[in-house]
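The structure follows.
In order of appearance the chains are A, B and C, and numbering begins at 1 in each one.
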Amino acid sequence: MSTDTHAPFEKDPGSPRGTGELIRLEKVTKRFGDHTVLDNLDFSVDTGKHVTLIGPSGSGKTTILRLLMTLLKPDEGTITVDGDRLFPASEKQVREVRKKIGMVFQQFNLFPNMTVLRNITEAPVTVLGMSKDAAEERARELLEMVGLSEHIDKHPAQLSGGQQQRVAIARALAMRPQVLLLDEVTSALDPELVAGVLDVLRDIARSTDITMLCVTHEMNFARDISDQVLMFDSGRIIEAGPPEKIFSEPEHDRTREFLSAVL
Amino acid sequence: MKWDWSAVADFMPYFWDGLLVTLQILVLGSLISFALGLVWALLMRVPTRWVTWPVGAVTEFVRNTPLLVQLFFLFYVLPEWGITFSALTTGVFAIGLHYSTYTMQVYRAGIEAVPVGQWEAATALNLPLRRTWTAVILPQAVRRVVPALGNYVISMLKDTPLLMAITVLEMLGEARLFAQQQFQFTEPLTVIGFAFIVISYLASLALRALERRLVH
Amino acid sequence: MTSGLWELVLKGVWVTIQLLVLSALLATAVSFVVGVARTHRLKFVRFLAGFYTEVFRGTSALVMIFWVFFVLPPAFGWQLVPLWAGTLALGLTYGAYGSEIVRGALAAVDPAQREGGIALSFTPWQRMKLILLPQAVPEMIPPFSNLLIELLKGTALVSIMGMGDLAFSGNLVRLALQESAEIYTYILVIYFVIAFLLTRLMRGLEKKLKAGAGKARVRRPDPEPKRPETTNAGGAVR
């Protein structure tokens, strides 16, 4: 990653990683019909930390990301981001808080009717009120960072899955979020395209102070970038700790079973 | 059967006049149905029954009753209410309104076919609702609905002769007038019958070409 | 409105219903004959059936009505009773749309079913009668239901030829009363009620046929009411 002054993200020496709590979920419960996906969940993430959620599918990991992105509403509990309520909160408040959060989806969800450039500049211009020139300047920097500068004028359908996902990462970063939510971002990719996307994310993890909340089945990647790993089962966190510990000497039987199944 | 080519030749000037009016009805009626149908489709998504129920009821009513009677209604009733338009304007509005109750279904299907991930991405980027519709959802929906809308344009073409009943001189109106004056029915009616077949065939070819272009 | 005028409207309803039933029967017959012919093994038969469909779908129902009323009589030397002329024009036109429904539903039957029939050495006609049609007919009901509503609306066209149907009775009452809003509202409501009853009827028929064809699960009727499709192009919303 370059360290010149045009780098899209720079670490601010004045705010070292890990100062204070950025995300807090308190007593959050989410049900789909009779099925309780999250059960009275408490957890928090500190500023600048990289937290990975692991666990069997259906254990509620993705639901947490979707709650934070306000794609879902919890049935009970409170959610706070950077000291501001995200739930319960007014629509106006939600819009403000949501500016601090970016998300990358499993299926990329790029806008097929827009070019790569416009996918990235659309929200900065219409939501943040950036000038078109400034937004495009920034989009170029981000595209260079994800290695797709030459595809700037193409439409998403002309790109491979891996390239689309890298554009989606650039699109999320263009909003300068404090938190980046990564929802199984490599699950929909052909195996040979996974590495390129993970490399980009490793770069971002290493060279920026953005807080990352990541749901993944790529355990090596999780080990590399995480400060903390949370093991989920049936809507609860059953084990938490630094990756070295979780992956090497898990305490819980369910964690051991899960890891032996995926590793 | 006697076929008189000179009657065909005599009719042709009137035929071209009628064709022009038919195409005029078709173009304007289509534009009204495209616009109004979109309005209905969007209103049906307003999350309150106070809007969706009346809109749904009115469009259902218009869709399930004959265009011809609707034409009579507008042509005879509006002047009683002190609103006067030319027969052509009334007819264009009626046919546009009638078909808007079909195009609204097309739009609805097109909007519902936009993947839910597009809405989610718009939320994640914090796009305002209006912008989400205009920049993300509708451009994708409209692309999907063009072929189906085109089919309704061809259907509408074949309903344009109904305007004859409210004195509009489109193709059939011209043919009838000519027939009544010259006592020759076979030639003008056959000419316009062919004209409809040819126009709708050409239109369906054009539509298929357009559809192929939209595929990618 | 006086009771005499109401009587006029009721007579109109009766003519409309007669015309609807007769032309629906003719249209159904045309639909099946032409639709099945379009799957015939002889190319010539398929061509004839396809040509019929293209011509009758290509032209306007009202132009067809004019043609049957004004061109046929001098050409062939006989004059049809208005009711039969209307039936002929509407039945032939809407039958062309219906043949597309029949063809589409036959094509949608699992090819394995046809192969099963061949394996049992049924004749083509036996395959059609015993295997294909019983499975395809229930699938045709929702589109036929929409077509029936279009046909009902189409019956109003005969009023232009002076036939005393429901729409025509509206015109008579308008002339008698010199007032239009009330009578045309009534006429529209009556058409709407007939359309509603027809939809109900077809839904019941679909349920019955599906149960008979061994398909317990009744699909909701086609949620998108359609005008008869004009071309093969662009029917589907992807």
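One rule holds in what follows: a residue touches a chain if its C-beta (ideal position, glycine included) is under 8 Å from a C-beta of that chain, and two chains touch if they have at least 3 such contacts.
For clarity, every value in this text was computed on a predicted model and none was experimentally measured.
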Q. Could you name the chain whose CA centroid falls nearest to the centroid of all protein CA atoms?
A. B
Q) Compared with chain B, which chain's mean CA position is the farthest off? A) A
Q: Write down the pair of chains with the top C-beta contact pair count.
A: B-C
**Q.** Centroid spacing, where centroids are CA-atom means, of chain B and chain C in whole angstrom
**A.** 21
Q.
So the centre of each chain is just the mean of its C-alpha atoms; given that, what is the distance between chain A and chain B in Å?
A. 48
Q.
Centroid from C-alpha atoms only, then distance chain A to chain C, rounded to Å. What do you get?
A. 56
Q: Any chance you could list the residues of chain A touching two or more other chains?
A: none
(Q) Applying the document's contact rule, which stretches of chain A touch chain B when the two form their complex? (A) 69-71, 95, 98-99, 101-103, 105, 107, 109-114, 122-123, 126-127, 157, 171-172, 175
Q: Would you pull the chain C residues touching chain B in the complex into a rising list?
A: 54-55, 57-64, 66-67, 70-71, 74-76, 149, 152-157, 159-160, 167, 170-171, 174, 179-181, 184-185, 187-188, 191-192, 195-196, 224-238
Q. Touching chain C in the complex: which residues of chain B?
A. 1-2, 61, 63-70, 72-73, 76-77, 80-81, 102, 105-106, 108-110, 113, 144-148, 150-152, 154-155, 157-162, 164-165, 172, 175-176, 179, 185-186, 189-190, 192-193, 196-198, 200-201, 204, 207-208, 211
Q: Could you please specify the touching residues of chain B with respect to chain A in the complex?
A: 115, 117-118, 120-121, 123-128, 131, 135-136, 139-140, 143, 216
